[in-house]
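Look for subunit A in each of the two complexes below; its partner is subunit B in the first and subunit C in the second.
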Partner chain A sequence: MTRVAPVLAFVAFLALWAALATTLSEVLLPGPADVARAVAREWARLLEATAWTAAAALAGLGIAFVGAMTGAIAFQWSRRLEAALYPYALLLQTVPIVAIAPLLVVWLGYGLPVSTATAAIVCFFPILTGASVGLRACDPEHVDLLRLYGAGWWQELFKLRLPWSLPYLFSGLRTAVGLAVIGAIVGEFVGSNGQPPTLGYLVLRSARSADTAVTFAAIAASTGLALVCFGAVRLLEARTIGRWHAGAAP
Partner chain B sequence: MDATVASPVRFEGLSFGWPGGRPIVDGLDLALEAGRITAIVGPSGSGKSTLLRLAAGLSVPDRGAVVTGGDGPGRSAFVFQSPTLLPWRTVRANVALPLELRGTPDPAAVDAVLQRVGLGDAGDLLPRQLSGGMKMRVSLARALVTAPTLMLLDEPFSALDALTRSRMHREFLALWRSAGFTAVMVTHDVDEAVLLADRVVVLDGPPLRPVLDLAIDLPRPRAEHQRHEPGFGARVEQVLAALREET
Partner chain C sequence: MTLPFVPSLLMALAGCTGGPAATPDAASPAPEAAEAPAAAPIPVRLALNWFPEPEFGGFYQGVLDGTYAKAGFDVTILPGGPGAPSLELMVAGNADAAITVADDLLLKRSKGVAAVGAWPAFQLAPNGLMVHAGGPSSFDQITGGTVAIELGSPFQTFLWKTYAWDGKVQAVPYGGAIGPFLADATLIQQAYITAEPCLAKARGAEVQFLKASDAGWNPYATVLAFADPPPAWAKDFVVATQTAWEAYVADPAKANAELVRLNDQLQPDLMDCIVQAQTPFLTGSEGLGHQSEARWEKMAASLVDLGLLPAGSTAKGAWVELR
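For the complex of A and B:
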């Protein structure tokens, strides 16, 4: 029943949507069949736009991962450095990404660099937090054990703290990967001129030309992209730590 | 693995305290014989575990010294109250960790010590697949793989159920007999102390001070059934009386 329930809920949602669509014009609310027709008609453009948005989101996630891991390891190395820099990392999280995006266009010009940068900015903090907490989460007895056998700082990091931090890091990555798609699309709203085509640009252009069915199709593609990315992180989590960490099983 | 050379331990005028707090150890002098098992018994919070940390070099004394007869700090091993296994490493990789950290990997020594603790077939298992007793055996194997001259044990069997603890007592004594290390074991279990040790030192504190130093001259090998013999009971009562006086 637990597996059937979401399917039933989705069918009910489609039925409700279709019923509501019959009472409104197609421009305001296209029905599921209109959206399906738009997908069939525009699939090549949708696929290309999804690929470019995915590229920006994943590049942003990668940049954020490298930056956040470097930051978390540096914070582990020096509490003073953490005290000095963590408030600014928090500040980055609190500044609305929509407000930064126009500035990024000024700095980086139109195109993928903007959406990559916005994706990286929104991903950075959850990864930094997950990694920082994880690197400090091991028991003091484990640290004593390694020090007893002469482990230095790097050995402690690689043999104990980094593996121990993986469940926390994956928790941060699960949050970050969804945000990466959102961040990329927000960047595309402001910084995409259609070269290359992206989902954000497609949403804006189709909405402006009242082609609402395509807008819905692009939104569905964005959601699908986020779900695929989330699933990939869950799969990676299960493959890397699933054997020893009970919470990692999908 | 060959039998090791046992190391005597001397605490000489040892003093230690956390900054801003009262001293936990203040000028303690205590000598422990090589090749013997000494049980340290005392009330909770008296500083017994701190003494073990000082002996292991995990804490640095404010004054005085811990003198061991081994060839440096690398020859002591520590068995914690919890098995402290790394969950992502197999049994074999956990046991190999101390050698790996020292840059002297020795797979044959790891397999030999696993055989010795009865885990020869469990090398590829992960800690989550082990029972509490098996985890403690891995912890002992990890300590033994470095061929320590001094084994420091901080309530190693306290988290085990009665049956497993009894089995672990037998196995620990067998390992001690064959390896010949000096053992210093902190325990709250007076029966365990009298059953395993050659000497029971009751410490009160902080600051730590000996209130009873009792030689346990019961014949070896010892077994659980000896708990019911009058000699055993008399020594247990002596230790309990010392603890009662201090609390």
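For the complex of A and C:
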């Protein structure tokens, strides 16, 4: 029953959506069948746009991962550095992406650089927080044991703190990977000029011409992309720490 | 099944492509380019303020028919999008020329953006309000209801002040989608003659377009701008631009085919509607590319009157005649 419940909920959602769509103009709310027809008609364009958005989101996630891990390790190395820089890292979390995206266009030009940057900005903080907490979460007795045997700072990091941080890091990554897709699309709303075509561009242009079924299809593609990325992180998590960490992938 | 975008995607991921300047999608020079002067052509990156559409047709014409190449230019057109910061891209060094609107140019100059207008494609302002057929047929007939418009824009400020719409006409944000307009027979929205009216007609709606110029708001549009002071090649570029636009107005077929290739939203029917609608706005009564001090100063005075430019501001130095 547990496995059937989500399917039943989805069917009920589709039925409700279809019923609601019959009461409204297709311009305002296309039905599931309209969206399916739009997907069938525009699949090549959707696939290409999804691929470009995925490229920006994953590149942004990668940049954020490298930056956040570097930051977290630096914070672990020096508490003073953490005290000095963490408030500014927090600022990144509060930056209104829509407001700074036009500036990113001026600085970086149109296209993937802007959407990659916006994806990186929104991903950075969850990864930094997960990694920072994780690097500090190990049992102090284990630290004492390593130090008793003369382990240096780097040995302590690689043999104890980094492995111990993985559950926390994956928790941050699971949050970040969904945000990466959202961040990329927000960047595309402002920074995409159609070269290359992306999901944000497709949403913008189809909404402009009231081709709402294509807008919904593009939204569905972005949701699908986020789910695939989330699933990939879950799979990676299960393959790396799933066997020995009970709290992994709840 | 072939997926033609995969190689370029892999190249982009490998860092092999830059921004749009490096993409091959912009119109490529025609074979006539081979007749260009022996000196190396001057590379010019032209930043548009919207997606590739017929309102920029003459620039694409100049690239396609070799007009720019013959004049010694290697032009790369950089398409824009919503809120495109074309002037900022230019002054930041990411473009060599930019397309803007007269009011935007004057406002940004007052904020320190060193740019100067040199050649306007649109004699009549192509913006205005889109109204359902049977609705108000002039601005002064609008005495209530809701208008979807870019809030705080100079045009919105001008309309509400000129027609005293405060407290009578409700302004709501325009997000760029015409769906709400199509679904609400009473809604009025901002529009560009090259866009929304034709898009709405393609969706079966009967609409009227109230020209901003009829309300007294008439900035030059699709204005070719350079850094201030203009580079030495600006005069030759303006002359080539005038030639290219005259060719485009006479026969837009070649450039329009390229625009359809670059912008998949431009279906042939839609393109015909847009080209037919925009031509009178391009030529106006003075002819393509004409500028007058009186028009520029009237725009500056309007912006001062609206409180958007400091008192005493003029258009002096904001535009140059290079033809």
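Throughout what follows, the second predicted complex is superposed on the first by the 248 of 250 C-alpha atoms of A that agree within 3 Å, B and C clash if a C-alpha of one lies under 4 Å from a C-alpha of the other, contacts with A are read in each partner's own complex, and residues count from 1 in each chain.
The criterion applied here is as follows: a residue touches a chain if its C-beta (ideal position, glycine included) is under 8 Å from a C-beta of that chain, and two chains touch if they have at least 3 such contacts.
Please read these numbers as outputs of a predicted model, since none were measured by experiment.
Colleague: Answer with clash or fit: subunit B and subunit C placed together on subunit A by superposition.
Modeller: Taken together on subunit A, subunit C would fit alongside subunit B, as the superposition shows.
Colleague: Just checking: does A:Asn193 make contact with subunit B only, subunit C only, both, or neither of them? Give me first, second, both or neither.
Modeller: second
Colleague: Return first, second, both or neither, reflecting whether A:Ala55 touches subunit B, subunit C, both chains, or no partner chain.
Modeller: In the superposition, A:Ala55 touches subunit C alone.
Colleague: According to the stated criteria, A:Ile182 is in contact with first (subunit B), second (subunit C), both, or neither; which is it?
Modeller: So A:Ile182 meets neither subunit B nor subunit C here.
Colleague: Quick one: is A:Leu236 in contact with subunit B, with subunit C, with both, or with neither? Answer first, second, both or neither.
Modeller: In the superposition, A:Leu236 contacts neither subunit B nor subunit C.
Colleague: Could you let me know whether more residues of subunit A are touched by subunit B or by subunit C?
Modeller: Comparing touch counts on subunit A for subunit B and subunit C gives C.
Colleague: With the two structures laid over each other on chain A, which partner does A:Asp139 touch: subunit B (first), subunit C (second), both, or neither?
Modeller: First partner only.
Colleague: Can A:Trp244 be said to touch subunit B (first), subunit C (second), both, or neither?
Modeller: first
Colleague: Once the shared chain is lined up, is A:Leu85 touching subunit B (first), subunit C (second), both, or neither of them?
Modeller: Neither partner.
Colleague: Just subunit B (first), just subunit C (second), both, or neither: which does A:Pro163 touch?
Modeller: It touches subunit B, and subunit C stays clear.
Colleague: Nearest CA pair across subunit B and subunit C in the overlay: distance in Å?
Modeller: 34
Colleague: Quick one: which bits of subunit B touch subunit A in the complex? Just the residue numbers, please.
Modeller: Those residues of subunit B that touch subunit A are 53, 56-58, 74, 76-78, 80-82, 84, 86-88, 97-98, 100-102, 126-128, 146.
Colleague: Using the touch rule from the top, collect the residues of subunit A that touch subunit C in their complex.
Modeller: The contact residues of subunit A facing subunit C are 24-25, 27-28, 44-45, 47-48, 51-52, 55, 59, 102-103, 105-113, 189-197, 201, 204-205, 207-210, 212.
Colleague: Please name which positions on subunit C make contact with subunit A in the complex.
Modeller: Touch list, subunit C to subunit A: 3, 5-6, 8-9, 12-13, 18-21, 23, 25-26, 51-52, 78-85, 88-89, 92, 94, 175-180, 182-183, 195, 199-200, 202-203, 262-265.
Colleague: Quick check on the complex: what are the subunit A residues that touch subunit B?
Modeller: Its residues touching subunit B are 139, 141-142, 144-151, 155, 159-160, 163, 166, 241, 243-246.
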